[in-house]
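One chain, chain A, links the two complexes that follow: it is found with chain B in the first and with chain C in the second.
Let's turn to the complex of A and B:
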């Protein structure tokens, strides 16, 4: 009996408190904040987050993506799979975390992969029967030469920097200069025989561009 | 008439004489190299892992069968059983009358190095699980579950001396760890045999023409030299690793490890290690790789698998345990002989004087045979250290004469002492680190070094 009385009293107190709360509630008119156009923040050219290296799976997929499906082949199989343990890929028995350091070994195998992939990519590009089959020489043709074809070749290099490195390079930017200089220099030095005449070997030049793009840190880091 | 060297031969020889870094100028540690050339503190390491858990009664921690008889097993709980093991002459080996070290019948030729060797006995592994024991010894830390916690000793010791070798740490079939953010150059290059190492070091086909190669190298060098790359830790790592990768590729280091080649150098190497063309994946071949890696200036630390198949719970204890250990010990002896025979950088000392060889296993085996005629896992272990600054003819600690249990040891004298402490793998690692000049407990091992292990 006494217990029931205590419960009833407690209930009445709770109801009165709730009613009290409702009466004392203060309504505030929301004040709209003024949102002005933010000033651009100068982050300088300092890196503001640590770059990370792709893991091997990302790298394998990236190479296939930018080359239109060409994978690194070694010993009759995918090279990244073949050398997975050497490259520090986690197999979840002894290693549970993948080694993502930019080691000597990683760069050696990346170099191997790039040469294999780029040679086959050049075969594909230079033997393509239609422009639609090409993924590398898209803005320039296999016939373009420097300096006459400079505009198209630089357009292609800008396209490649976007395709391989995700880097937008504006027309006229000097960022393409190291690439065009390498292309021209390698082509001139790796002279190809063309019906008895010595000609600059632009195929060798473009292959070097391809190898350089894949071995560049902008390709395998993010 | 002197033969004119081409660029690749020059690079390769430069590495062999320790000048590889300065050839490229930009490698960290190039300055350190000059210091190392005649430095008294130069240290190199070979870590020899006996896989599966070795029976130390047969080798490093013997008991005299005439004293520890089967009749007394109830009292001393130790059964040498030398007469049951195939290939045993049944006796404890004392290499010389003046030797304080005694060995079991399967120590093989390694007993000849009694005066350059210390044996740590009565060491507690605190585990009976293979992976845990192995990782405990490699890192000096109890794993978290089965996962290694901390970096392995080769990584610490390689990180301590940057820049001199193109592949500071080489591992032939042994796991290694870098879990304490040590520099990436200290990570092990891990292979299973000489063939794997050649594959790793040799550029795969197709090759670029010289013009293409130079063009790509020049382009990447421009990137490495730009401000953006200099400010980024990762890009600086990339730049250093790129130069080292270039050095490895240009200098054709792989030729040092083509053990089967028909050259005078390789024939001599095969003869020294008793290798035939058909068998180059055994302990002797791995020791030959280690010797080449050290002597040619390729690596500072080499880890190798000296013996496998030692997990002998059954009748295979009788047939395999002793013989496989002996095969490993003999291979290590060939390595020690090789290092002993080559002078170190015109210092008047041998390579063995600057190289510490460590032999270890994840735990040992029970002092009593089980019902199946094998031995199970036993927590009290031993290890040996040979060469370098190791005090020769030295037994550190002892397992008890009843049941071979761990006993407390005075770290200064190496003798059993009730006031001392139980030796664990981390004591051995801390000693190596202190000897290498890592005075602070950077690896966070939280133990003191065994000073009795060191000559100075």
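Let's turn to the complex of A and C:
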């Protein structure tokens, strides 16, 4: 009960802080005066670089790398090329600076991209005839279930966190817990909605893990 | 279900705090600042590998690369060095230079609309239908047949004993027209597929009836001139789009070749390497001279030494050496067309490569009176002189390159002072288009009169800057290398690219230090990138 109260208070504080920022961000200047001289930012005593969002080329290439070569397809072509203009890619005639903000529109397209590639990746993984063809379910198999297959599933999640986020997670770390919970919950809920008392749908679970990994800031920022 | 909600609350809270520290662009409170600034974490070896890979190769590392790192203390610099020798790194540098040079001319037209082709469907009775091509400009159809938009007849053309096209005179919509038939032609863009072309449009004469070369733009409305041998002066619409892309690709290839060859960085702006594919070579030799709205000849490529290439092959590229008057990317067709005035060219160079953007002072420009406003010399006019005292002599480096175009004004043809242009400017006779375009032939102030008949670049130019015109942008580059502005700015721009932020004043000593290494290392861009990625600042991320 106490923990829940702390969370609610925390949420309220964060929302009020965001609203505070929001008020200051409403100003819009359609003709920025200094496109070539980025404003220095306060970096304190220890110079650092700010964490950045990938540019669209990096994102496109990286999604293909982590999925073993599956690109986002939309309307019969590469989705990132198709929506380049809306994604803020500079074409140097009308836009000379690439927009690399984590905007709502960016997150919407990233979500579209992740759902497209992850669905096809799961088709590939679940239809694979040999283990060598797999890039996602490498440490676990399509038959593994929680809780009995916990060890193998967690090993696979650690592998995925390295593959997608470049994040080393030690064996036994609780960092995999949110991911295994998501896998289990989505697998259970996916089948509950469709078929009542049938087996949990781990294909849907792993697909949501894939979507979550791509939509996570640890994937699209560095 | 309740657990799920709690999780959502917790993750929302964590995400909000993270986003405010990481991406927050709004003004933070003092407490937030302090909280976010307490410690700047140094990323671990895996995160460093990932960031370096994204910046130097444009993609995350492979799982094998991560696994190979497991037993190592840190990312070996040899890995990064190896990456900077690959094509993926070259592609990143190409991308970076697109952002510096804005190399896109997709909003221009390279081919003359008067020589554009369209087609109509001929449906002869009892025979298969087919397309007949013709020049679609109103001027051409009127010149050939007497009425705007008049097509030829879908019958084979007839020729007289002299080989001239015979046309049939008749009334069309109340206008007397003379309509010919069609001929079969092998077009340069598809030599294996002959097409039907209206006979007037398909004429191959090199000289008009009045003995003027049909290749000249002035013959666009001459009924005795057509599209030339194999339709060489005419084109289909999509070709223009592809040619513009090819011109931009030439720049990309120059940057990539420069990086792969690991040449001194300044040579990118002063060298003579360029690339051609077949359609570009064909365009330069047969078509570029047609379009006098966008003059690009002479002098951009050496037509005599240009390789003989297949005009249908877009994918085969050959490296060529440009004539001596070129200065790398600063005289590339794309740069000259993207920045069509000499001031714009100098401005882009000063901003991108010298870190000296021409901007008014923060306090604004002074209010000037009428007398000051009438000063025709921007180098001295109050307010304007803040930028133009420097910009005018800088722009003069492009003084021998056409504005609103890209042709080279060869000193052997275009002297600094033209007696003909001076006399025509004084009203002795009407001025030629060369005088009007490239020389001062009209004055609006007595202070301009001494410059009458001089190449436009010399107007108000001080004598000590005359060399700028004659020696071109390469002189500008040489001077900027020698006085350290170019190396310092190269470091600054590269750091801004890889750090993702502007540099602070107190980082100037670091810039100078890396700049000295860049200078000592013979200006290798590859090593400069490694110096920035290998710095402590790059390893600290927030």
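By definition in this document, the second predicted complex is superposed on the first by the 167 of 222 C-alpha atoms of A that agree within 3 Å, B and C clash if a C-alpha of one lies under 4 Å from a C-alpha of the other, contacts with A are read in each partner's own complex, and residues count from 1 in each chain.
In this section, contacts are C-beta pairs under 8 Å (C-beta built on N, C-alpha and C of every residue); 3 or more make two chains touch, one makes a residue touch a chain.
Computed from a predicted structure; not experimentally measured.
After overlaying the two complexes on the shared chain, residue contacts for A:167 are found with chain C alone; chain B is out of touch. Look at A:217: by the touch rule set out above, it reaches both chain B and chain C.
In the superposed pair of complexes, A:77 makes contact with neither chain B nor chain C. Once the two complexes are overlaid on the shared chain, A:108 sits against chain B while remaining clear of chain C.
Set against each other, chain B and chain C differ in how many residues of chain A they touch, and the higher count belongs to C.
Within the superposed three-chain model, A:51 lies in touch with chain B and with chain C [touch as defined at top]. Contacts of A:61 after superposition: chain C is touched, whereas chain B is not reached. Judged by the touch definition given at the top, the superposed model places A:185 against both chain B and chain C. By the document's definition of touching, both partners, chain B and chain C, reach A:96. With the contact threshold set out at the top, residues 46-47, 50-52, 96, 101-102, 178, 185, 217, 221 of chain A are in contact with chain B in one structure and with chain C in the other.
Residue ranges of chain A in contact with chain B, taken from their complex: 45-47, 50-53, 74, 85-86, 88, 94-96, 99, 101-108, 111-112, 115-116, 119, 178-179, 182, 185-186, 189-190, 204-205, 207-208, 211-212, 215-217, 221. Note for the complex: chain C touches chain A at residues 4, 6-7, 9-13, 16-20, 22-28, 32-33, 37, 40, 44, 46-47, 49-51, 54, 58-63, 66, 70, 95, 98-99, 102-104, 106-107, 338, 351-352, 357, 359, 496, 498-505, 507, 510, 536-538, 540-542. Those residues of chain A whose C-beta lies close enough to touch chain C in the complex are 3-4, 7-8, 10-11, 14-15, 17-18, 20-22, 24-25, 33-34, 36-44, 46-52, 54, 57-58, 61-62, 64-66, 90-93, 96-98, 100-102, 159, 162-163, 166-168, 178, 181, 185, 217, 221-222. Of all residues in chain B, only 131, 147, 166-167, 175, 178, 184-185, 187, 189-191, 196, 200-201, 203-209, 211-212, 214-216, 218-220, 222-223, 227-229, 231-235, 237-238, 241-242, 244-245, 248-249 touch chain A in the complex they form.
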